[in-house]
Amino acid sequence: MTNFLTILFDGVAYGMLLFVLASGLAVTLGLMNFVNLAHGAFAAFGGYVCAVLVNRSGVPFFVALPLAFAAAALAGVVAERTLFRHLYRRSELEQVLFTIGFVFMAVAATDYVMGSSQVFINLPDVLQGQIDLFGVGIGRYRLMIIVICGLLTLAIQGTLARTRFGARLRAAVDDPRVASGLGINVPQVFAFTFAFGCGLAGLGGALGAEILGLDPYFPLKFLIYFLIVVTVGGSSTITGPFMAALVLGIADVAGKYYVPKLGAFVIYALMIVILIWRPHGLFGRTVAR
Amino acid sequence: MSVERRVLLRAAVCAVAVGAFAGMASAQETVKIGLIVPMTGGQASTGKQIDNAVKLYMQQHGDTVAGKKIEVILKDDAALPDNTKRLAQELIVNDKVSVIAGFGVTPAAFAAAPLATQAKVLQIVMAAGTSIITERSPYITRTSFTLGQSSIIIGDWAVKNGIKKVATLTSDYAPGHDALKFFKDHFVAGGGQIVEEVKVPLANPDFAPFLQRMKDSKPDAMFVFVPAGQGGNFMKQYAERGLDKSGIKVIGPGDVMDDDLLNGMGDSALGAVTAHMYSAAHPSQINKDFVAAYKKAYGQRPGFMAVGGYDGIHLLYEALKKTGGKADGDSLIAAVKGMAWESPRGPISIDPETRDIVQNIYIREVKKVDGELYNVEFATFEAVKDPGKTKK
Amino acid sequence: MRDLLVIEELRAGYGEAVVLPRFSLNVAQGEVLALLGRNGTGKTTLINSIVGATRRFAGRLALDGRDITRLRPDQRARAGIGWVPQERNIFRSLTVEENMSAVAQPGEWDIAKVYELFPRLEERRRNFGNQLSGGEQQMLAIGRALVLNPKVLLLDEPTEGLAPIIVDELLAALRRVTRVGATCAIIVEQNARKILGLADRVVILERGGIVHEGPSAPLRADPSVLERFLGVSGGAGTPRDPA
Amino acid sequence: MSDMTTLSPVAASTARIGRWRWQETAFWLLVVASYFLFSDRYLILTEIAWLALFALSLDLILGYAGIVSLGHAAFFGVGAYGVGLLAKHGIIEEPVLALLAAGLMAMALGFVTSFLVIRGTDLSRLMVTLGIALLLRELANRFSDITGGFDGLQGFTIAPVLGLFEFDIFGRTGFVYCTVVLFVLFLAARRLVNSPFGLSLRAIHNNRLRAEAVGIPVDRRLIAVYTVSAFYAGVAGALFTQTTALASLDVFAFERSADLLLILVIGGGGYLYGGLIGAVVFKILQEIFSSITPQYWLFWIGLVFVVIVLVGRERMRRWARVAPDFLLRRLGLSRGVGGGGSRGGEP
Amino acid sequence: MTLALETIGLDKRFGGLHVTCDLALKVEAGARHALIGPNGAGKTTVINLLTGVLTPDAGRILLEGRDITALPVNRRVRAGLARTFQINQLYPELTPLETIGLAVSERLGHGADWWRRRGTRAEVNDEIARHLEHFRLTDVCDERTVTLPYGKQRLLEIAVAIACGPRVLLLDEPAAGVPESERHDILAAVASLPRDVTVLLIEHDMDLVFSFADRISVLVNGALLVEDTPERIARDPQVRAVYLGEAQDA
């Protein structure tokens, strides 16, 4: 039982991390119909910003995290205003070509600037090791991930549910034509949301460096996972990817723990089965009304 | 998508014109080396260390040996064997290289082997570590190591040092299987017991469930092999799960404690015992110089991949000296056999029979030296041959 | 009274299809205009063109003296166009209150006033858009347009789905709305009789053009004009096409 | 022919269907010419040839039928391992027969998986196809006693083609072999897309609703073309193994499928030559950039993608119309069409 | 008279919304039958049910006496039920020639031919030429549909449906969105549809309805209000109420 709880805890932490990393992609893909395969580049950017701040400039980890968010969000705004904005009307395949090209450039540039070796972020002692709670091993770092990501999820949910901006965003998603006709500047709302998604990715990159590792190929290595989370969750809500990330995180960890021989198959097989069962994702909208 | 067909010819003309690149004329007095390593993709750091080391060596020793100018042509195969093969083939056929070197992963080395045989060209394997590579062609020699070498040593060492129960965690691919097999052979034969055996998928972002299995099986130590790039991640999560506190030692071949990542792993790595052929802390003058020069040039500590490259180019220089500049495969491979020298890693030689490397394997423990983490050697097994061949 | 909304030589439609070939119309301050016509005659297209949701091939639009031809729909809305879409298009993942607060602009109308107008909405303020009945959706769509505090209120079949008593209430409210301040309204209706009492002027459309225009009072007395243009028989105002 | 009575527009138009245009002839003449012009680059030409076939296979489903796939490497991989295993166990050694057999294996897989793919959204198709390829990769890794696992399939040699032509170190045989296979399958594909069947695929792609409403059995057509496409991809994979004598796990890799998609996007789908041109452009760019900077070529190729999209296909097409003429004029007629490009470096 | 198309107890709900209620529609063979009704009466749903885009919750659909309720869209077409769409559903990148060719070869069973070049069957070519001629599309037969004027596209929409060789043709607002200048062509095309084809017309344009139909059904709130001849429909107080809002007065 305690084992099971530990595994559950690990799975939840992993899932939460995946969610924060992928949520921005869910936003661009689901809300703005923009296939942004370069999403991981913003995550990596946030991760590297955090690493440089902590390791080289001695900024405390907990200060560096919001900075990573801010830096990635800023990068997101700049990229959106200068480049991605021009692509919203292009075909999906052109978006794919463009954003993959962007990732390639980001990867090579990171390699050039930061080197190809993995980078680690020096963690404060409080975050290292495990605490024992009634026999359930709780990793401090993972606990922090759950706390931060949980709070973030609540904050996102809160923003969406309780603020005027959230209401405007949901309105823009529900029916962009009418939202626009009623005075909501839909592109602006989306741009802000895009930047926020990039910021989240950056934060996810900073948080994930410890568990997923951080190297120049991060955006490509984890692209598949982001896509899985978003497609399985369905890209039209934020709850969908959240639940999907949790399900996949727990299933992956539990699968690897209980049947390590089949560990690698679990996540792919699960994805295929879910998508055949529900092509629009677990929480996706169906086409027919 | 409809494209006007009129464009077809013109597009083709464009393509052909752009693609018209010609091979360079080869001058008599140069010896060309095709260095094929992964410079992009997941294995990029391997390629970069080797490339750095080769460049460093040539800076230190000049680019002329035995009256010949040495020219290195660097190619990126992204660790894809079909790329390796094509690049090797083109280097041999078009660029007329006398030596092909590098090879970050085993399939890449395999892919080039038949070409070495066919073209009678020396092939120096500087990284790939599967035992049978050298048997693939009579023109192959190796300056890295085999996983067997380090794995059997750590197996023997574990038995002798009171480790009774071991859980193993190895990457689910050929080198991982190799490491596990050799370790098990020696450890179990010596009376040890394997209490848990886990194979980790190669593309695996989270070690948590596997580490939890390790923890649950309550071993004295865990034997770990993961590819060089993943070592840091692994150790981070090892510490996070509190395995260091619960007294489960990490033992294994040295890949997991690669010098170029060691410092980033943090104090959790302290106390890990691994067997390997190189440590940046190897206490010889020649190594100190090597590390200092490498750090100066690239701002980084050299890892075992760098040493493989450094020794590889050294081997070639020495072989050319011996042949008086003759660079055909037969002369070179003959010169290489039995060659012995003092490398930064310690004394090494090339086995005349197998053309594989014979070297000391050191048992090291991660310790803090001057505020930095190092693999500090504390026991030496001398002149270890590749057990994959001696067994036969 | 001055013209609040001016449409000049508008040519609009969707994609390649031109629905309004050449359309001109002025609406004066305080005026309530009833836009009548059978299905598919271009009424909704006209409304959508004023909102900015169609393709404009040519022509010009001005609101309160300001040229809005090149404004985006959201800019037009903020400039003073209040829209009640035909399908109501309530944002279904927003609550009743959010549906209004998301678009509200400062002015005479606020949410509290809408609740006064439609007490039913206040009862359901926490319900989501997709949980409302048709009539409630219609009230909300109107309330949502009102809190924009528009200069021109565009109502596309606002009475559809409403109980007669609500219709009366609504029409009374509209009368009040248009009487105060610089406001006018265009109401599209299929059900002509309902709004004859409210409208000052009637415009009847046929194939994207105006076939009848005039004050509503005479029509109340003599419905034959309505019969001719809106009735269920062939041979309306235009000559029959040779078939 | 009785139906060609007068020069009615319909007769005139139908008579043009599938007729060879001079541009096409020129394209293939250039392919032949490349044999003589680039005799020291057979290897990369060979790679381009099987890559072009692979891209052609994706073009059939994406460019014509509109089915996106991010897992086409699944079929490539089956073809590749298929040929390798046939050769290793001495079941079919003659390359051409083995090629067919491997293609059929991939085709079988294509038929089975087509049922998972014909329904759903573009995104779910991308992910399902990707998932299938990744699962196959894991399977190949797991059953390493059959496949050789990570080290790749070992210990097989490829017999001479038709028992006559040995694969040589210069890659001449490989190139000619691949090009001939490419050409033959290209002709078949050309036939296919110019048939009523091919037209119905384009119709489904253009407007599925309308296609159904004129009585086209959409699902069956899609299954059929997906299966054919799998055959093509399998043959491409088989060619890969036969010309390199290698088969390792990376034949199933995500990158392979992703590159393929990029190639088709670069070349443009739906006119058969898109994949071919895309393969040429992609490989040559990669070759040029990686020989200039083995470390950072990814950056430059990424830049090219970005620029391609930003500039836009229409504008590029206009340039493409002007550029070769310009180039030809600059080079002078005496140099012919194959003269060194501006970036190629003169011998 | 035999019935070309008949629905028996047809019922469809979307969630709580009852869009088609126990609909019994009877269209006689060879009829020119119009289906009218105010917005939201459920006309589109009826078409989607008839053509198989939607599956009814209850009830049956008979085509010339044959139960087609369970057939998928494409099989209904082959059974003899073709339609046009209110908003053009054409192939933007294909030419009129190809568009019509597809329908013709599919009907003649050549649609799956994969080894035969298109345009090599005289029977198909002849028929394509005939349809193109009839709908005045011959001169644009080689142009991409997306480049055609809207009126031509509208003609093509009807031509495709006819090329399917239907026994029953559903025309969904054939004149919608067509500019005045091109309207004549459409009306002429509709008027000259072969007499042996039964036509069910869904239309708002009363001119067209009354000039074309010999029978009219009025649909209100998903149910059949009344079915009668045009003359009587025009005088029917119920119908007038629906269209003019005279309910209270009447």
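Should a chain be cited, it is by its letter among A, B, C, D and E, assigned in written order, with residues numbered from 1 in that chain.
Convention: contacts are C-beta pairs under 8 Å (C-beta built on N, C-alpha and C of every residue); 3 or more make two chains touch, one makes a residue touch a chain.
In this text, all values refer to a predicted model and were calculated from it rather than measured experimentally.
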Report summary line: So the chain most remote from chain B by C-alpha centre is C
Query - Most contacted chain pair (by C-beta pair count) - result: B-D
Report summary line: CA centroids of chain A and chain C: separation to the nearest Å works out as 43
Query - Centre distance in Å when chain A and chain E are each reduced to the mean of their C-alpha atoms - result: 48
**Report entry** Intercentroid distance (Cα basis), chain D paired with chain C, Å
**Finding:** 56
**Report entry** Intercentroid distance (Cα basis), chain E paired with chain C, Å
**Finding:** 31
Report summary line: Residues in chain D with touches to at least two other chains are numbered 138, 141, 295, 297-298
**Report entry** Contacts with 2+ other chains: residues of chain C
**Finding:** none
Requested in this report: At least two other chains touched by the same residue of chain B: list those residues.
Outcome: 2, 40, 44, 48, 172, 201
Report task. Flag every residue of chain D that touches chain B in the complex, lowest number first. Result -> 21-24, 26-27, 30, 34, 37-38, 40-41, 43-44, 47, 63, 138, 141-142, 144, 149-152, 154, 169-171, 240, 244-246, 248, 250, 268-271, 273-274, 277, 280-281, 284, 287-288, 290-291, 294-295, 297-298, 317, 320-321, 323-325, 327-328, 331, 337-347
Requested in this report: Note which residues of chain B are touching chain A in the complex, please.
Outcome: 40-42, 44-45, 48, 172, 198-201, 203-206, 208-210, 212-213, 215-216, 229-230, 232-233, 236-237, 239-242, 245, 260-261, 264-266, 268, 300
Requested in this report: Please name which positions on chain B make contact with chain D in the complex.
Outcome: 1-23, 25, 39-40, 44, 48, 74-76, 80-82, 85-86, 89-90, 92-94, 106-107, 110-111, 114-115, 118-119, 130, 172-175, 177, 201-202
Requested in this report: Using the touch rule from the top, collect the residues of chain C that touch chain A in their complex.
Outcome: 51-53, 72-74, 76-78, 81, 83, 85, 89, 91-94, 98-99, 101-103, 105, 129, 144-145, 148
Report summary line: Counting only contacts in the complex, chain A reaches chain C at residues 164, 167-168, 170-171, 173-175, 177-186
